[in-house]
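In the two complexes below, subunit A is the common chain; its partner is subunit B in one and subunit C in the other.
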Partner chain A sequence: MKEKFTSLWQRLFGDSVRAFGVVSLIFLASLAIAPAKNFFSEWRHYQHGYLRMVRNRSDANTLQRHFQGGIQQIWLPELGVVDRCTSCHVGLKEASLTDVPTQPFRTHPVIPHKLDQFGCTVCHRGQGAATTVAEAHNSTLAWEQPILPAKYIESSCGECHRGPLPGTPQLNQGRNLLARQGCAHCHTVKLPDGTTMKATDDPPSLSHVADKTTREWIYAWLKDPQAYASTSTMPNFKLTDDDARDMSAFLIANSTPLPGDTATLSARPSSDPAAGASLYGESFCASCHAVQNAAGNMVGGDVGPELTRGGNKVKPEWLQAWLRNPRNYDPRTGMPHYRFNDPQIATLSGFLLAKTDSDLLANVHLEAATPEQIAHGKRLVSDYGCASCHEIAGIKKPENFAPELSHIGSKPVTQLIFLPGMPHTLPDYIAGKIKQPRTFSPGLKMPQYAFTPAQIDSLTTALLALNDRSNTLPPSLAVATTPESDYQPAGKAGKLMTDLACFSCHRINGHGGDMAPDLTWEGSSVQREWLVQFFKNPGTLRPSLIRRMPRFNLNDAEVNELTDYIMTVYQTPAIDRDSMPLSGYSQGQVELGKQLFYGKYSCQGCHIVDTKTDKGYIGPTLTHVGSRLTAAWIYQWMKNPQSLRPGTAEPNRGMSDDEARALTAFLISQKGGARQEAAKK
Partner chain B sequence: MTRYRYMPTHVGTAAHGCPAERSSAIASRRARSVFLPAVAVLATILATSCSQQSASAPVPKPTAFGAAIVESSGGKQIAQTGSLLPQPVVVQVNDKQGAAVAGALVEFAAAPSVTFDSPNALTDSSGQVTSNVSLGGMAGRYQLSASTFDKSHKKVELKIEAIALGYQQTLGRHLNDQYCERCHNPESTVERVSNYDNLEVKPHPFTEGDTLNKLSDADLAAIISHGGSALNKSALMPAWGNTLSKSDVQALISYIRAVSDPPSRSAGPVYAKH
Partner chain C sequence: MAKTVDQYLDDLRGTRVWRSIFRSGTGSSTLKRALAIQQNVFLHLFSTKVRTRMLSFSATWYLGTLTLGTFLILVATGIPLMFYYHPSVPQAYADTKDLQFVVSSGLFLRNLHRWSAHAMVFLVFAHMFKVFYRGAYRTPREFNWVIGVILLLMTLLLSYTGYLLPWDQLAYWAITVGSNIASAVPVMGEKIHFLLLGGNAVNANALLRFYVLHCMILPLAAMFFVAIHFWRIRKDGGLYSHDSEPAALRANVATDAAPAKEAQ
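On to the complex of A and B.
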């Protein structure tokens, strides 16, 4: 062996000339490695493939002319982006390559941004500077930012766009869920614009819970909230029987009575289901509350709690006190004060109390609580952070109860502990944690939520948008959102509007719900007399709507107070309400307006003026629009409806002033004659 | 096909794969070009060592065989690229008499970027299998296939189509919901009563490919922007040119193309299993 090696050595390096030759050869060969490596590089391979592919296409010349060989790079110093992705993804900007089924050569789908200005990794993540597929798309030891899976791509829109966007439903839903499901009660979420995320749900105070419900119900609820109401946002804490027993014992023992609630039954709950159902319908309870029907479908809105098994929960005395005036028990509730009279309260409470499920509490038998159990319950209530969401007398809201999520979208993978078998990526970790938090460690306090898979994807998308880039974005690139205002109407009318919970459905000056029309400029829009009548007996303006304004049984003084306030305060500077008369238009103008209505603009497609011929079902019925709206409002609405209500479905027809005036004349002449005819039919 | 290992499909799933598998793919290609068989051997070793991890869930053993497979629900759904279909896909296996068969094996398949939460399962007591489906990362049509075997081990297959919307189509769908659907969609829901029946001249539902595919993008843009009367069609179709921007109109058209049935040629490729 040794001899062989020596002879080989002799043959190669035996004399100095031969040694020089051999060393030179080795040196030359090693010099050739660099160009060879470059020649056989992946990106070059893809570029060759691209050229081969376009050769056979009809637009080969154009594509070849556009082609630039070599490493391509998009450099965005402001964002710290160096993206070489276009070295392989050659056809991204070629509009004709949409029919290429496979990457890397397909055209980039249409987005509102230019690739040269935004690069690739801003949205897709991954390593922009890399020039091999493996390094660019996946995480390596040195570079740990893998490509973002397509289903979370909207999170990248959320890095700059801080408000909702029409093209990103998943991000919008995720952000809503983050606020609505109360994530922000326990987790601090500092938003990139410097504000802190506020939870928009309002979990009830538990300081007087014994007035409202029984210990048995609390026990069953704690054990499985979704068994009581499948739409409930209360998570399941996976409590043992003993823990639920002790916590329910503490909550009942800790509760203090409120004067209004402990009253004896003022009226016996009636057992007339037909009357109850009709009052429930008339009061439009279903606009906010859902009830599961026999087929298992939820019927109703999701603003208030589900009532399918409400009879199992509430005490009759409490329910009647609540229906009489909900603000006694909870001053912040979104439930309107309906001003029901005693017979109505008896009817409605009887109807609601009959909504029970005999199985729900059938197996709940609790012995009287011992002081030890109550003390243990109190400890558990503190440990589980119940006071993060609920107000509980004697227990302080814990600070920083759960990890802060302000930068969760940039959390390094090395800091995460994955479950066995789980893909080692941040999105998978976040989604897994939301799906089943306790599988990560049985000691974790985070409870089990009842999210659907789509909701988990949305939440993950919204959380991934909370990352380092969104927090360090140059202010010039951020697209701000208008935050919810804290507008509160003043004075007596303001108090009345709070009492009636107008803001649960209506929006005024950037505050309130979106179920009913925005009332910011209602005073410019409607006539006083109509508004008075509407408060007394809210009619149906839109026949196809299932959510309508309920009747609040207001007295005349209250109606006048509200009407005066609305007519005076909610005025737009763009319209002088009295600039156009409500009558006295020439017959010719009215006739011209009618022709425009039925001819050129065919408004009858969406609106009804003549109930005999018109069938349009989309916009409000206009049979008596002349006694409802002001002429100045109608005129401005004809000219530019979006200037009065952004987002309204009424198209801007670009009418001339004359046309708008003629249509105003025609519409203002509709004073409700046809309505009486319809009533006769 | 095999030349480009990184198809769109891998964009969504690359992170899930086994790194050795990927490097072996690259290595084996290099091996061909640099003629180093040793690297190929190494790659094969790596690939086999990895294949155990990336093996899919075990296929259950069927206890019965059906003769036909039919769709119960979940066909023709629309979702955003990469995301879950709103409803799970439910298929049913029947015997020759049309009665449901329990315990038959149903296998779902589609383009590699599509994922099923239960790619293969036995039918339940009502003869059905339910699977949640995530579409691939590219916009277009995805053909999902559900198959079972009959007694003679012949494959019986059912094809289900799903549509993935990209950004532009998603924006178009949003605009459609806001402005168009009340008239153009004849179906009513509890929340949204259709105005279709109230119109004297019936609008074209956007799925009506037979008619709409004949109109060019420019035609559609003109009708949307200038209204029906400007083009000698019904004046019941208003002009939206002052309400919607040009890019909004383009978004709407791309949505119309995406959902048309039969498919519009400009809607892009169909993703089927290979």
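On to the complex of A and C.
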């Protein structure tokens, strides 16, 4: 063996010339590695594959002409993007390649942006500079941001678009959930536009909770909030029986009575279910409150709390006081102050109290609380951060109770602690944390939420959008959202509007809900007489809607106060309300308007003027429009609806002045005449 | 063949241009050869005479020369790498990726630099072990041993500073850990840490500092000490061999080694 080796050594390195030759050859071979590696690179392989695939297609010539060999890159200095993805993904811009089953040669789905303007990694993440699959798609020792799974892709839209977008339902829902589920109570979320996310749920104050409910209910609620109401936003803290017992003891002991809250029953709760149901319906309680029906479906809105088992919760005295004037117990409540009379309160409270579930509190038996239990309960209430959401007398709202989430979408994976068997990616971590927060380590305080998988994906999407890029975006690229204004109407009418909680549903000057129409320019839009009648007896404009304006039982003075204020203050500068007459249009003009309505513009596709023939249900019914809207408003609406209500579904048809005037004449003549005349006769 | 090459070379050495540069002229006499060494600014660091025996592989395993070779490769590859590299955040990482993915043979260049760096550290250690176990560090070569230790430190510092330059996760955390070790020094640890990084954390300042150290200060210092190292080899009596030691010392070694022989 040794001799063989020595003879080989002699043959190769025996004299200087041989040694020089051999070493040179080795050196040459090793130098050849570099060009060889370049020649056999992955992107070349894919480009050859693309050309092979294209060759047999009918549009081969076009595709071959478009093809550019070599390394391709999209360079966007403003965004810090150097994306070479198009070196392998050659067919992204070829519209005809939709029939290719998978990437890298498939065309890119249609999106509102150009690839050349945004590159690839802005949306998909991954490492754009790389030209090998492993480095570009996966995380490596040196690069920890892999390709974003497609189901979270909308998060990238949220980096620039700070408001809701029509094309990103998942992101919109996620952002909504972040605010509505109260995440922002414990977690600080500084948004890229410099504001701080505000929670939009309104957890009730617990300072007077003993007026409202019993300790048994609090115990059952603490143990499992979703058992009481499946739509509850209160999470499950997984308390032991003893902890729930002590916390309920503390909350009851800590509660102070509020004057007027448990006034003696003015009337026995009525047990007439038919009258109750009809008052519940007339008052449109279901616009905000949901009740689970026998089939298990939720019926009603999600603005107020679910009432399926409300009878188990509230004390009858409290409920009656609440129905009389909710603002007494909670001055900030979104519930309107209906002017119910005593029999109505009796009927409605009887109806609501009958909504019980005999199983809910059946097994709850609590002994009278000891001082030690109350003290322990207080410690638990403060440990679990209950005061982050609820106002609790004697316990301060904790600061920085939970980790800040302002940059969670760029959190380095190296700083995360994963569960065994979990994929080591940021989206999986976030989703896992939302799904089962307590499993990550013992002693974590984050409670268990009852999110569906789709909601978890939405939340993850919204959180991934809170990343470094969204915080360092060039201002020119940020698409700002209009922030909620803190508009508050003034004077007596303003007080009245607060009392009626108009802003729970209506939006005025950028403040308020989106359930009902924006009233910012209502004074220019409607006729005074109609508004007065509408307050007294709210009818419906859109028959397809379930949620409607409730009747608040206002007296004449209140109606006049509100009407005067709305007519005077809520006017658009674009229209002079009185510039066009409400009647006196020539018959010819009305006829022309009618022809345009049914002929050229086919308005009956969405609207109803003649209830016998028209079938339009998308827009409001126009049978009474002549006694509702002002002529000036109708005219401007015909000319440019978006100028009056940005985002309205009504198309801008580009009418001439004459056409608009004729249609106005036709519409203003629709005063619900047929029925009125019939009534007169 | 070989002869003709030699003839050509002799002709070349006879030209006027050659003579103007290398004034000692041609010839294979001992004097001419000695002059060739002495009159060249680079070669004068070396001994004018080396025993043939010392040029055999077994004498030194060529470890010092190989170390110099890797150092030269590192300089040669490091300069083109500098053409492509900005020591700024986050451009540094992007530049490394450009080298890796789009610069022609950039990956080869980078890997050659990297492997040579690894090889150099290995060879320096091997060289020191060889010197140590052969006893070549003893008088009169103890000063050159000290220079060698300084060169070891230089090599390690060059490796360490070069590690940060790719500005990837690996680099960032390695330097974070490494610099935190420095801050464990009693009393002045935090100051050293701050001085090293130009701040309290690894950031753009640290990157710039490490870049200047890696590409300017440390290579120049290393060259300086390498020059002294080579010069001292000549001054200390050429490459070490047993009979190059002073007689008195040789006797000591003999008595030291004697018990071992007896044991056999």
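Rule of thumb we're sticking to: the second predicted complex is superposed on the first by the 671 of 681 C-alpha atoms of A that agree within 3 Å, B and C clash if a C-alpha of one lies under 4 Å from a C-alpha of the other, contacts with A are read in each partner's own complex, and residues count from 1 in each chain.
In this section, a contact is a pair of C-beta atoms (placed from the backbone, for glycine too) under 8 Å apart; a residue touches a chain by one contact, two chains touch by 3 or more.
For clarity, every value in this text was computed on a predicted model and none was experimentally measured.
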With the two complexes superposed on chain A, say which partner A:Thr132 touches: subunit B (first), subunit C (second), both, or neither. both
Partner chain(s) touched by A:Gly301 [first = subunit B, second = subunit C, both, neither]: neither
Which partner, subunit B or subunit C, touches more subunit A residues: B
With the two complexes superposed on chain A, say which partner A:Lys615 touches: subunit B (first), subunit C (second), both, or neither. first
With the two complexes superposed on chain A, say which partner A:Pro447 touches: subunit B (first), subunit C (second), both, or neither. neither
Touch check for A:Arg84: first (subunit B), second (subunit C), both, or neither? second
With both complexes overlaid on chain A, does A:Ala34 touch subunit B (first), subunit C (second), both or neither? second
For A:Ile71, decide between first (touching subunit B), second (touching subunit C), both and neither. second
Going through subunit A, the residues touched by subunit B and also by subunit C turn out to be 132
So in the complex, which bits of subunit A are touching subunit B? 40, 42, 45-46, 49, 98-104, 106, 109-112, 124, 132-134, 137-139, 146-147, 149-153, 166-170, 299, 423, 425, 428, 453-454, 457, 544, 546, 599-602, 605-606, 615-618, 642, 647, 649, 651-654
Residues of subunit B defined as touching subunit A within the complex: 1, 3-8, 10-16, 19, 22-23, 26, 29-30, 33-34, 80-84, 86, 117, 132, 134, 136-139, 166-168, 170-171, 174-175, 178-179, 182-183, 190-193, 195, 198-199, 229, 234-236, 238-243, 247, 250-251, 254, 266, 268-269, 271
Which residues of subunit A touch subunit C in their complex? 17, 33-35, 37-38, 71, 73, 80, 82, 84, 127, 129-132, 135, 141-144, 414
Could you please specify the touching residues of subunit C with respect to subunit A in the complex? 2, 90, 93-94, 97-98, 100-102, 104-105, 107-108, 166, 168-171, 173
